[in-house]
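Got a structure for you, questions after.
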């Protein structure tokens, strides 16, 4: 293949300084902005989580007022999901998809810039609500009415902020779809695409299918509040539960939006460090597609206790359980990839292995939650909180960290400090379990979620969990430090930074030049 | 309490069914986990470059892939059968011997013994309420049953199929009593029905399980299960009070406010 | 950087996206302030709308100029197509949320409230019977008349269907290179769009003035106005798009073999058309 990588002699000078970042259409610049923004949001959302963990350190109210606590819970989740994880994946998509499919850039470069810049603006609005009279939103990230309608001045600002974030995601996904469908290098057939590209394609479809539905749901909230509609009020013939159906029709696919790209990352990294091809490429693709399909018909598993008719409960229980099958296929494929490989354990691989182990634990608890009658006990307890942090933190976030370590040499041209990376990994993996494993116990023993204070029998496990939380949080600062050092300098990275790494992105120099594949490479 | 790590078995047939279901599924996942993680760690220890292995080249096997699609499917079917049975049992409110209407308010519960002319509100007890203020200085452990005590318990007879009709007056709440085995959302404008039959007399504690605003963490539920005759005596006593005492009048008023809210 | 040698056109840095972000944020913040009764809300809102409009005009202007200059290869053209198609798909999903609400109310919540769920109906709503269309059990005193399919909605259906037809004729004319026919039929399409909106406005006037049918008229009013309202909004946007395209046709912008701008607008219009058919059936007839 021929990868043309030299920079063009430019016809016009490209802007520099701040202006460059404001107006850029370059996928690598935009990717970097997404990634840094995501890191910032992760720290903000994490700081909120630490407020939560500080208040829950002991029974009694020591740190914050209950209403503020609820705002923290709500904002923590919104910031982490829409600010940290989704933008991190989009940043990775921006950086890597054009490189992986041999494209000169994203398909719609200007819109790409817009997708990014809406995010800081959207979050500025969202976070500013914390300072408004009556405080920020406190109804949980799920924003159920009628409770959500009791929000103060913040209410419409929250709704519109989410609209803005949603528009950003939709445009980002359209771009990804157009890029993947239209910008592949000659010879790169669909079934030759790297799995990260595949999982992102499917994720992008999920996003354009469900983000508008979320927009619809919160628009109805808005009109119920200000224009006298009664979508969610029984007196007018509506139903508060209707909101939950619409929300979860978005919300469940959303959680797969937060994990499918992670699957792609893991499927890239494990082969690289086992020096062995991925086991079952095509079944990985089909499994991803099946998960995406199933994700549309399981939403009401979040609503087993709302009083659905029996047939509905049964349907949603069965459909949810089915997701274990394609997800299992993935897990088995990863293990089979490791089998008889020649493994080494650099930081990306460590995070990837931890992902396989801990995500699966999160999946198991998910399966337990899917059992409707048992969910009558689990629902809205810390068991659920434990479940989703296993899939989100040790799942999505670990995968993002793995990806960051894996591609940092390509982005910066420097190897990161392996020693710091190992510290970061081991501290993270230990503390994250101290943080979230006891939450299973708390939930089973009867501690509800979204409470600022609890009865004394829950004290010990909460204290342990909080210690884990602070430990995990501060371990992330190692990563920030490592990142800073790696951007500033370090050992020069080779084009193929990892011995076993495969794919077009490793054919271009490190750091990847500003413009790559102006003439498409030919893939055989 | 570090020993507090599992779901309660509870005091009803359904709660035990659910507990068993929970343990079964938990064990199955543990077993699968042992196999999967076993293979993974075996590989991690044996198939490492540091031990000088050369990587194998294989990258798929349709037969194996079919096997590990079909076997999990089978396991899931095996799980679904008891789950379905339990669900069907829980859904059947017919032939209940008495009915209690539960109404969630921000932030307390209202109970009405249908056809018995007894109703009252049940709030967080005063001691907990004082201790739970921000920086109150009161040590929670020093309060008897901190955050799980109410001023007036819901008294219920044992060995009786009791139907619950659950609703709310303002926002969504959820009535949860772990020892009975379920929680059910209280939704304004709608009534959810479910049932229980308590086996053992005793005092059971639960709490609101749906975020309902600032004091969501402070609306506990206490059920006192008593023998049937004791229950009848208790009812009679309550009826005696109703209409006469000031407290009852206040209750009525609250109840009306609640109903007005509920019908909004 | 604009590539010379027929590569993929990657535009230079552009100011429009950041202006768009500022504009859109100002706009929504303005609306939010207005809703919360803050005096300056309207001004903020207005400023936001102006900035956004500036962005839209400027951005599309750039795109049109680039397109006219012939910078867009077939591959760029395909990117734009995929972009438009999936954008329309996302719009469909937005409407799906509101259709979902309508179906839920009609098949689940209203029947539950009016007796299919005995406990709810008896305990909370005095066993009141409700029939669709309804303003809900709490608004029994509300006396309103529903909006039937006859005459305006049916006429409007015909108008939209006809507009789809005229648009297709125009498209064929464009492909045949028949400019006069193209422009005539484009103007007819735009006119039909405007007439539709006019009738829709009149229908709303009727609803408020004579039928006592409002947004506040319970779930019927909610679903009726939100569905038709968002549809109407899309008709207006679609009409503006078509208008711009018509003007561009008159300037001779499109070639018989390459006219994505035209097609994009046409797809959008057909989407609006199809959504209307859904409305006509589920909101007006059934």
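We just call them A, B and C in the order they show up, numbering each chain from 1.
As a convention for this text, a contact is a pair of C-beta atoms (placed from the backbone, for glycine too) under 8 Å apart; a residue touches a chain by one contact, two chains touch by 3 or more.
Remember, predicted model here, so these are calculated numbers, not experimental data.
Trainee: Quick one: label the inter-chain contact graph as line, ring, star, complete or other.
Mentor: complete
Trainee: Name the chain pair with more contacting C-beta pairs, choosing from B-C and A-B.
Mentor: Here the pair linked by more C-beta pairs in contact is A-B.
Trainee: If you average the Cα atoms of subunit A and of subunit B to get two centres, how far apart are those centres in Å?
Mentor: So the centre of subunit A lies 31 Å away from the centre of subunit B.
Trainee: Where the CA atoms of subunit B average out and where those of subunit C average out, how many Å apart are those spots?
Mentor: Using C-alpha averages as centres, the distance is 45 Å.
Trainee: Name the residues of subunit B that each touch 2 or more other chains.
Mentor: Residues 189-190, 193, 263-264.
Trainee: Provide the list of subunit A residues touching at least two other chains, using ranges where the numbers run on.
Mentor: 233-235, 239, 241
Trainee: Note the residues in subunit C that touch 2 or more other chains, in rising order.
Mentor: Residues 112-113, 124, 138 of subunit C each touch two or more of the other chains.
Trainee: For subunit B, which residues are in contact with subunit A within the complex?
Mentor: Answer in residue numbers: 1-2, 4-8, 14, 17-18, 21-22, 25-26, 29, 32-33, 36-37, 39-40, 43-44, 47-50, 53-61, 64-65, 68-69, 72-73, 76, 79-80, 83-84, 86-88, 90-91, 131-136, 138-141, 145-148, 170-172, 174, 176, 178, 181-185, 187-190, 192-193, 206-218, 263-264.
Trainee: Please give the residue numbers of subunit C that touch subunit B in the complex, ascending.
Mentor: 112-113, 117, 119-120, 123-125, 138
Trainee: Using the touch rule from the top, collect the residues of subunit A that touch subunit B in their complex.
Mentor: Those in contact with subunit B are residues 58-62, 64-67, 70, 138-140, 144, 146-147, 150, 233-235, 239-241, 274-283, 305-307, 310, 313-314, 317-318, 321-322, 324-325, 328-329, 331-333, 335-336, 338-345, 353, 356-357, 360-361, 364, 367-368, 371-374, 376-377, 379-381, 440-441, 444-446, 448-461.
Trainee: Going by the contact rule set out above, which residues of subunit A touch subunit C in the complex?
Mentor: Those residues of subunit A that touch subunit C are 8, 10-12, 14-15, 19-20, 22-26, 103-105, 107-111, 113-114, 117-118, 121-122, 124-125, 153, 155-157, 159-161, 163-164, 167, 170, 173-175, 177-179, 181-183, 208-213, 215-217, 219-220, 222-223, 226-231, 233-239, 241-242, 245-246, 249, 515, 518-519.
Trainee: Within their complex, state which residues of subunit C touch subunit A.
Mentor: The touching residues are 1-3, 7-8, 10-18, 20-22, 24-25, 28-29, 31-32, 35-36, 59, 75, 78-80, 82-83, 86-87, 89-91, 93-98, 100-101, 104-105, 108-110, 112-113, 124, 130, 134-139, 214-216, 218-223, 225-226.
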